[in-house]
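By written order: A, B, C, D, E and F. Residues from 1 in each chain.
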């Protein structure tokens, strides 16, 4: 089975981090093809970033798909970034790391929390939960201000701060599961799970498993209405 | 007061229709500047069209705004098409015809219906209602298959079909207000109101009034969090 | 265009404050007719006050409307105070300052807060949000204990207290827009907006704009069902 | 124990029908005091009727309560008609037939339906369900056009029509319990239950039982906030 | 009238406490038959306890019902513990103390709180509120850690702690009514009501009143669909 | 990896059907251990069957788990049947076929439908959707009356009837994904998907994939609160 892992950001470094997570999620025999979006921002952190990168994401996918002939696509952005558009344009299963990790989190506890990077990004993330229909299971959206540099150089301090935040998530928001809603935090999930005593999800790894599941079962998004092919030929939009 | 009326489609014909509605909504002394999106599709009818046009819409607006120095912007697409991104990027009031007409419809009856063009576009429109937070007041989203040509050439037949549909909306969905959720139907609102006996809203005209109101009151979208300036300089995203 | 501005309280002083706000909301060419309710309480601060004043409000309006022949009515009470009854009894647009300001607030930020005067009035105000269908967009209802006298005599202290409260609304309730839900606070909106850095709405001014919009567009409440004429002749109820 | 049964309509005939239901609901040893509202309409069938009668209902209750010294009050109108105002003004338990019968219906089946008299009254009744917080348990609000005269003179025909409607309620709305939401239908509940095979509630009888329960348990509405005494002396409102 | 009061726990001591509450709720002339579940746990404090005791509860009831021929059953466990199964299996009214006390609490204030014993039991209790459809009226579920021994031996200390907690419920959760959601707290309701100034409900006493009401009115759970007899003969399940 | 597939019914024939589905869902290298519940009913079709079988399901699992030492458990009943109790009692991932298939269906279309066997079982299934928190994504619960015998002997007729029903689900309920919510329909999913043109899920196969995912990622239900070990030793409940 071959999965295309699409980084909606234009940064190869971020693609590298995403691929590490993706590989941890992949089963033996699953081939992963990394795809970095050509154009757009290096770091989607706003509705503005979402929309401007979204068009590049879609174009990049439509070019890469016929080339790599994947069995499924994982869209590795914790946001909309064109997910519905891709589900319309393609017939292979398209899996959003945000949507898939929320669906899985529902099964693991009473309520979940998504942990993002910026205070001002919280309303966007709350809209996302609502759009995907998981608000009944979402305890909260939280944001921490972490220096991305320090994430890499000072692992101990980062862990300490993250697990302190997760303790607040558990105690104050009464949440039971945490989703790391940004690429910068990939790779901290296992240690955080252990430190905080609750499941901490790396959404990329989870989404790879979900995509493998759909491909294995021969399932993909329903094309009957919402994700039907766009009414005009794709070229008319590009 | 000067309002920029932005057509998210790339069709000048559609801009013409939008401007007719906009002028009916405008007060004496309001100057309207039509802006047609450069690039993207001529007719946004899907999430695919939304996302691909969205990036062009944003770019077009960011170029046109410094040029025309408007007091407010009406985004004349019945969809997302980058509305949140524009609210982030600019500080003058940005008014979506979809969001504004739903807000006004709330005040006019028990529940409202949005009437769109394609069956497959209904889920997208339902998500829109949900995203804007008006689902408690929305009776239904309906779609009719109208030949756009015939809208222009055969007004009587079009009116008969539309008012028949609205009668179903009132009787079956128990709706009390109708929003014409596509540019092709602009200009039918007054006659339909009369024929069907319920308020039928032209969202462009309504949005112009709402934008005038915000400008007149010195109000614009809150920049405290959701619509704060994007964290990076705008150039980093373009 | 002529709008009747109805104060549901029986106090002429309150009418004066309301009219100041109304005039700030009115466009050139809009004539405003102040109407003070004859009978009822001077200050509606409870369901009890709402219901007992409501009957007087309705009677006062029904007497004043044929006299002044307005194009629309603004009901300047932040509550129910007979709003639905008036929408049934009349065919010109009837605009509640509570309902209209909430609808407009929806467009300005992620969530809004209404700020009222008494702790014990909060549940009533929460029911109001629910009744109008805006709970998905309402972050909170808050109350402050402000001495009405001091509002007039000690403007600096009042501003300081109000902006402190709004900072809590923004930080703790994560709200982005504030509606001043009582007449006593009219006239503080502009300075509060500036001090607190979020849009602060004077609901009277906003409702005047909404009423102007409806009149300008030829729209009024749907008479098809909820706001149909009462089944009996109006005299049978009075 | 003594209960005051308050008819919010001004018709003694309606009071007679209400008292028949009330007596069927009353336990041995419960004294029922009928009170007919002085003034207002003979038949509350709209928000207009609700508000105009509400003020009379409140005044009538406030006069009658010190006279009769009841242990509790049943407000026998299927609407708001001042219920919250009375809960504020008095400390003995105030029971709305609408609210109480919906609460009891929740316990008897998956979802309930309220059956009212006029199509145009349905939105008002839907708001009522929402205001009381029972929408998760409400399958539908339905209305039938029954000639009130015929209700009295042609019992067989009335029963046939009502049970036909209830069959539709069960089959189409998938409801399991029916509340007869108007005084005119009082006394049909037992036969309808038998004919239709689902519990059919006479809300007056149910509310008497609920009021007896509260009095017996020494319970009444919480006075801590929502139903606290109005801030001003009651005379200030009258 | 004869009511069977079923303790889902296997402890006779708990049955004793339940019966004290039940007697306080019972009217003159109501005969109460205590039934202690044979088998299962002495104290249901988890979903595990619920499910394992549930089967014993059902068997115990099915054996006791033909023996005692009650007119109604009160299931005295603040949980599911087989309530829907019993409603299916029997045609006499089955009243859950949890469901009935929540329904009554809805009528007494803006929102209610259920107060349970263990932090880890809160999510179960939140699911219960949701399952019964009362979430719109529920302010919070709270838990206190009370030593059950001390409840009996040190009444003053227990009262002090409970009323302190209820003050927090009122102030922080803005709740107006409290339900004592565990058998250990039975008998504290009256003093707590007085101390805390809000209605505090003993759910057993309330449920007895509700059951008396249903029996008195000839009502029981609808057998049309949800609570229809199980499709197979009962023996096939036992 | 070893998964225990638990049939909550006591019928070995049903276990056989479940295992066929499970094997279709299993990846190479996944060992499946079938476990048939000892005791309880052969066919869970009601809340009564759920509760009485639930206790046996739990006991059976607790006995089988130490014996087989599985890495995860799939509970193959489309209902509650003790799922939360098992999540409390064990630390390996416990996956409900109902909960898991609904979570996956969320990702595949605008809204999903669960298709069950009996009209009277619909309310139970609706409660299940609500309990799991997926009501925002659930278009409807439908039931068909299929003769279980005929499912086996007359495949063509069964397919014709099922695909006719699914066409109604798509057209009338506007659903886009169907979950076959009963064991008798296992094995029809692939052909139905093809015939009806929408994804049709076999919940057993889907749940196996989800369980594999959790095991592969080292995830299991959060033990922090809702699914914490029961407060007493397990023996105290059995």
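Before moving on, here are some points about what is shown:
Operating definition for what follows: a contact is a pair of C-beta atoms (placed from the backbone, for glycine too) under 8 Å apart; a residue touches a chain by one contact, two chains touch by 3 or more.
Note that the structure is predicted; figures quoted are calculated from it, not measured.
Annotation, chain A versus chain F: rotation angle of 180 degrees from the Cα superposition, expressed as a multiple of 5. Two copies of one chain, chain D and chain E, touch each other, and the residues they use overlap strongly: the shared fraction of interface numbers exceeds half.
Greatest centre-to-centre distance from chain B is found for E, with centres as Cα means. Averaging C-alpha coordinates per chain places the centre of chain A 30 Å away from that of chain B. Per-chain CA centroids place chain B at a distance of 44 Å from chain F.
Spacing of chain A relative to chain D, judged by their CA centroids, is 52 angstrom. Contact with two or more other chains is made by residues 110, 122-123, 174, 176, 225-226 of chain E. Pairs of chains in mutual contact: A-B, A-C, A-E, A-F, B-C, B-D, B-F, C-D, C-E, D-E, D-F, E-F. Residue ranges on chain A touching chain F, taken from their complex, read 24-25, 27-29, 95-96, 99-100, 103-104, 106-110, 132-137, 170, 174, 176-177, 190, 193, 197-199, 201, 205-206, 209-210, 212-214, 216-227. Of all residues in chain E, only 110, 174, 176 touch chain C in the complex they form. Those residues of chain B lying in contact with chain F across their complex are 122-123, 126. In the complex of the two chains, the chain E residues touching chain F come out as 40-43, 45-56, 58, 82, 84-85, 87-89, 118-120, 122-124, 127, 130-131, 225-226, 228, 230-232, 234, 236-238.
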